[in-house]
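We just call them A, B, C and D in the order they show up, numbering each chain from 1.
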Amino acid sequence: MIELFATIMSSAFFVTVIRTTTPLLLATLGGLIADLSGALNVALEGQMLVGCLTAVIVSVYAPWYVAVLAGLAAGAVLGLVMAIFALRLKADIILVGFAINIMAAGGTVFALAMATGGDKGTSINLASKAIPPVDLSFLGVIPGIGPLLVSLLSGHSVLSWIAAFLVFAIWYFLYRMPWGLWLRGVGEYPAAPEAAGIPVNAVRAWSLVVSGALAGLGGAQLAMFNYVGFARDMTAGRGFIALGAVLLGARHPVGALLAALLFGAFEGLAVVMPGLFADAPAELIRMIPFVVTILALMLFSYRAQRALKLRGVKSA
Amino acid sequence: MAPLLQATSIGKTYPGGVVANDGVNLTVSAGEVHAVVGENGAGKSTLMKILFGIERPDAGELTLDGKPVSFANPRDAIDAGIGMVFQHFSLVPSFSVYENVVLGSEPRSGARFDRKRAIEEVRALSKRFRLKVDPLPAVGTLPVGQQQRVEILKALYRDARILILDEPTAVLAPQEIEELFVAVRELVAQGRTVIFIAHKLPEVLEISDRITVMRAGRSVGEVGRSEITEQGLATMMVGRDVALRVDRAATAGALACEIKALWVRSESGQPSLEDLNLRVHAGEIVGLVGVEGNGQAALIDAISGAGPMSAGVAYLNGTSLGPLSTLERRAIGVANIPEDRIAQGLAGGASVAENLVATKLGDRRYVRRGLLDLRAIKANAEALIARYSVRVGGADQAVATLSGGNMQKVVVARELSEQPKLLLVSQPTRGVDLGATQFIWRSLTDARDAGAAVLLSSADLTELLALSDRLVVFYRGKLVAAFHNDDTLTPEVLGSYMLGLAVQTQEEVMGALR
Amino acid sequence: QEYSAENPLKVALVLHGTLGDKSFFDSAAAGMAKAQAELPVEIKIIEAGYDKTKWQPALADAADSGYDVVIAGTYDMTPYITELADEYPEVKFIDFDDSPDFSGGAYPNVLSIMYGTSTAGYLAGYAAAKVSETGTIATILGMEFPTVTDFKVGFDQGATDANPDINIISTVAGTFSDPAKGKEIALAQFGQGADVVFPIAGSTGIGALQAAKENGKLAVGVDSDQATVFATSDPEQAEVIFTSVEKKIGESLFLALKATIDGTQEYGKRELLGLKDGAVGISKNSYYEKLVSAEIRDEVEALEAKIVSGELVPNSDME
Amino acid sequence: MSTTAILARQSRWSTFRKETLRAVTAIAVALLVTIIVVLLTSKAPLEALNTLLTAPASKPRTIGLWFDDVAKLTVTGLAFSLVFQARQFALGVQGQIYVGALASSYVALSPIGPTFAAIPLGIAAAMLAGAAWGFIPGLAKAKLGANEIVSSLMLNYIAIELCNFLVRVQLRERPGVLTSLKFPDAAVFPPLIPGTRIDLGLILALVATVLVWFALYRTSWGLKLRLVGHNARFAEYAGIKSSLIMVSAMTAAGALGGMLGAMFVQGQTYGKITVLFEGGLAFEGILVAIVARSRPLAVPVVAIFYGYLRQGAQLMNIRTDVPAEVIGVVTAIIILLVSSSFSMPGKKWLSAQFGRRAQPAGLSADGAAK
């Protein structure tokens, strides 16, 4: 137990958690935008996966940042596809989401095989690039806390910093900018913004595009930093975890950050614990995050529920 | 002078085949208050939705300042200087008042939403047009009356030249209506034009300059206020002559419902009803007077079981209601016509028949050993549809496709189909047309004469005065006055108590509380 | 019966997964490619995918479609093979990496090929323990079933024989397709002092190899000579894989098909192929030479000889 | 009034016409896309298409596979329909399948296994386990307002890990093997048509269909459930315990999911339990339910068509050179196009209440011509 505690407190573990959290966080923010606009984006998984592959393939021929942008763009395109089918063609958005996931699962492998000349599993025959870590070792000169700061803050992916910034940016957008007001209005009660002359469907469409873009960005991080390269189904359910994180995070950017961190931390734990408790059944360890999520969800929603009642808001 | 806004031979058929408008003409000239009247389902709201670009007409044309226009969406209409207040509000519940007002045309500093300016502008606006409302709270927490002011502010904020008000008075207390009219006159004085829909003809005659009458999707005529009487208008609307008169209860019966020291506290703890003592007798209607949100609703909810009783007791014929569930209360004869039919009184997606039986799922006539008796349910529906002359395609049509007047009939029919012992009624004729109003009033008095004790809450003082045998006035959760209803009692008197300008002594109250 | 280019032996390889795992299935497919090139055969590779409900249908469909030989592998498929073997007696089945119970002359048309992977695993484990400087080494299992654990059983035994107080960290990833997770696991194991990692976990393991590369640790490849796989595309990666535990599925299948065509292959029996049959082994390539000192290599040679001679019999999960 | 009635009837008829027309065109376009994709990826496109379109019905064995899918798709479709009609978006069928399968496996491998009671008890145990798994998110939502999408998704993962664990340490045939022993014959559903996978499951599915339909449209519970689905506030006002209904709906759906679990492991498909045996079929129930508009009687019909497509694609993958992944892409495209003409129950009514602009009136002609 002490051992475990020591590990968790170690700066190495902190770094691991940041790394495991970043892709989740980006996807979660994507899910948040869509959810707040009233369009549940269950396609995060697929959008991430396509983001992964696109980033990897592009990174072979272009600098890393171009690859990252490519991953982002790929996700955005899928978001647009969702918008077209769900909003224009009135298909059910959950179905569209699942369809996109299925398509991504197959499509990525197919595309990978094309790109690598027949490799259907991994991109190890492609010399793909990585996102450079941000080196803050100069902080070391700071007397006393310097080394600690370095061990905590140095070496993270650029996208980790960007993701952290995005939490703030999205909060600012949602609660400090007119379009954020529009977006939340559209999500909560479309009749009002429509009567106010706001193009409801356009707002939803944009949210879906941005949502996909963020998921794609998460994919880029996963395939250019957490692991450098692509492998079939490498997102391994992270998109769905993100979906959970959105709601667990009480549909608020900061909540999303905390929820993503929680899941990230558990991903980290599930990795270190077997090493510490050799005889603890792996399955049960892998179960912990989901159990805790449910418990946390219950707790939060209970408090949220009461808060809402206290504010006396009727629609809930 | 040239008409400002002209609609000629507008036609509109909804998907589902309802012909809502069928060759409607409307001519509105600048600076006038133009009323549009007609029965429920006559097509007024549809016409307005067309003027505001929510619905697109299948036929006909619109001209503004003599130039033909067509609105693809509300934005176009707004840009053309048209504003609309819907009869079913379109406000985002969790947003604050000012956010709702400026939504879509927010004041900005750079890319930022300038909240300060928004709040100031809303304050200024509400001062200028005498529409008092605090910009800060979430609209979901406001009473309907205030929500509507928010809606009007919304339109004014986009400084609409033409303001459409779809049944604005339906939800207001007399004083509020006066305030509204003041605001409307203010608007006209400032050169704006108002299109005004209402079911209450006295209001129409008071505020409007010209009146267009609609019937069954057609415009059947346009008259000036001076050229017509209330009776004439009514006849024109309904096609027959209608009189709104009902007779008081002959004699009140035995004590039916007794409420002792009842307190109701909201989640946040502050009381919405304080130490209420009230007795209702079989065969009498007790009117609950008060501006919305002063305790009437809390009382009704507490009795019906929809809301909590924090302290105190309520008996119906000796049985204490407190411990009983909503269903058990219904079983011993409590019936309830709720304030908001769409949100609370009906399941829009379900069929009329299902809605009519929804409160009787414990009843052996319709449910035996958990199984539905579809024949009985259908029969029940058809009987009630006929008895209450609900305009509907059939018992299995979805309620959501009915016009509100007919929706209300469905609710009333369900609640009165069994003779209740205690009948709770809120806003029974809100937004309901003359014919239907007359009909519903008759139904209520019939129930009373059959021995029901009735608690009637309404924002419409004329209605209260017409129906009630006794009236009690609520202010800030307290019962501040009680009256026996006689011809000396006027809306003005009630109004002064409603607004807390006057308070009765304990003796006076007791005097009226037998 | 004579087989020729005109009248080839019709062979179906049914994979209960998909190609591209860079080890198990790809190796089998490689064997088929070789057969295609050198033998009068007509090959069809069927990827049944990871949905288990579709495995039996895929196999049945193959048996039903007039192939002479139907090949499938592991205990996942054995029950279906035995069931179909009785139903289609004229079809020959090859069941690699697992075996039905042949007792009482059952399944005369089934050939089972098993691999003594633990024997090769033993050698790798021995070498790993020797090259480890920290005295801590690690394994990563995709999931726990014999074809996977058999590597580990031998590996652990070899390691402990090399260094009685060696510390072996082991983690079950629970997935064969999450390289990011494999990488995290390996990083954590390095964090706990390991300096050699042996991932037996498909593309999850590829992630672990990458972790070794980026942290200057050593790794043992699995199934095929993974150093050579990376040699061209990612030299630094190859640089840290000092050997691989090879399970030459493709080769053994090729030989079985060849023998079948020559008519020398017996069916209705189980063949356990080990080091001496060259069906398993550890890769001795330039990296092995470079990263493993001469004397360690000699000790390994000695052990290999002992195992081949039967003097030393490592434990095994393949009963 | 009578004219309104006529109009109503007219409209119902023509909406039906419109719906079918849209569905047909969607399927046509979907096929077109499929053909193009196959032409692009296959050397023998005609053979591939032929397989896709005819193979499932070609042999008893393949027909067996097809109807095995139909049975399973029907049950998961029913489970989703049930919760959707109560406006709950619980996605827990997958988890319920696993716990259900575990429960029935314990029965089948117990001393009861070889007895006649193995099948009924196995099914019962599975349904209980599934019901429990559906009850948890229901309760969490009713009592705490915990979003059921998340809790049910999490419970899926938990159930899968639970199955992995128990199979590995307890139910396994021999150490290290992640499947159980074959169940005793008495514990395995008898095939209705020998040599195919068509077994008791198909009957269970049909019975379930009728039961769910009956429960929804002929019992007061069902009416309450639908009223809650339409407007929970109204239900409360009418004295219906909407939270109770929510929970019971999710629990009932859970029982169906559990039964599906038994159909998997006790059915001809396996006749034993193994890890990750479900292969994502559970979620395809969402598609079935939505396309069937959550109407129980429509569910099996949709399942028959979708199941055919599913098997056709699978056989195309097995027999032709069309790569496996392309199948996924094709299926996805088909889902997109078919779903384009359908929507969640109640959406129309909602948009009506929100006063959103209704789709262009395809009926104005009939309407005006009255």
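The rule is short, and it goes like this: a residue touches a chain if its C-beta (ideal position, glycine included) is under 8 Å from a C-beta of that chain, and two chains touch if they have at least 3 such contacts.
Keep in mind that what you see is a predicted model, and the values were worked out from it rather than measured.
A.B. asks: So using the touch definition from the top, which pair is joined by more C-beta contacts, A-D or A-B?
C.D. replies: Comparing A-D with A-B, the pair joined by more C-beta contacts is A-D.
A.B. asks: By mean C-alpha coordinates, which chain is most distant from subunit B?
C.D. replies: C
A.B. asks: For subunit A and subunit D, let me know how many angstrom lie between their CA-based centres, rounded off.
C.D. replies: Using C-alpha averages as centres, the distance is 29 Å.
A.B. asks: How big is the gap, in whole Å, between where the Cα atoms of subunit A centre and where those of subunit B centre?
C.D. replies: Distance between chain centres: 47 Å.
A.B. asks: Subunit A to subunit C: how many Å between their CA centres?
C.D. replies: Computed from C-alpha means, the inter-chain centre distance equals 36 Å.
A.B. asks: Centroid from C-alpha atoms only, then distance subunit B to subunit C, rounded to Å. What do you get?
C.D. replies: The computed centroid separation for subunit B versus subunit C comes out at 77 Å.
A.B. asks: Residue numbers in subunit B touching 2 or more other chains?
C.D. replies: 54, 73, 86, 90
A.B. asks: At least two other chains touched by the same residue of subunit A: list those residues.
C.D. replies: In subunit A, 109, 113, 120, 189, 191, 194-195, 283, 286 touch at least two other chains.
A.B. asks: Could you tell me which residues belong to subunit D and also touch two or more other chains?
C.D. replies: 161, 164, 168, 323-324, 355, 359 - these are the residues of subunit D that touch more than one other chain.
A.B. asks: Okay, in this complex, where on subunit B does subunit D touch?
C.D. replies: Residues 11, 13-19, 22, 49, 54-56, 58-59, 73, 86, 88, 90, 304-306, 325-327, 329-330, 336, 338, 342-350, 354, 357-359, 361-362, 366-367, 370-372, 374, 391-394, 397-398, 400-401.
A.B. asks: Give every residue of subunit B touching subunit A within the complex, in rising order.
C.D. replies: 52, 54, 73-75, 77-79, 84, 86, 90-95, 99-100, 103-106, 108, 111-113, 138, 140-141, 154, 266-268
A.B. asks: Which of the residues in subunit A come into contact with subunit B in the complex?
C.D. replies: By the definition above, subunit A touches subunit B via 176-178, 180-182, 184-185, 188-189, 191-199, 306, 309-315.
A.B. asks: Within the complex, which stretch of subunit A touches subunit C?
C.D. replies: It is residues 7, 10, 12, 16, 19-20, 23, 109, 112-113, 119-122, 124-127, 222, 226-229, 231-234, 236, 267-268, 271-272, 274-276, 278, 282-283, 286 of subunit A that touch subunit C.
A.B. asks: For subunit D, which residues are in contact with subunit B within the complex?
C.D. replies: The touching residues are 1, 4-5, 7-11, 217-224, 226-227, 229-231, 233-240, 345-346, 349, 352-353, 355, 357-364, 366-368, 370.
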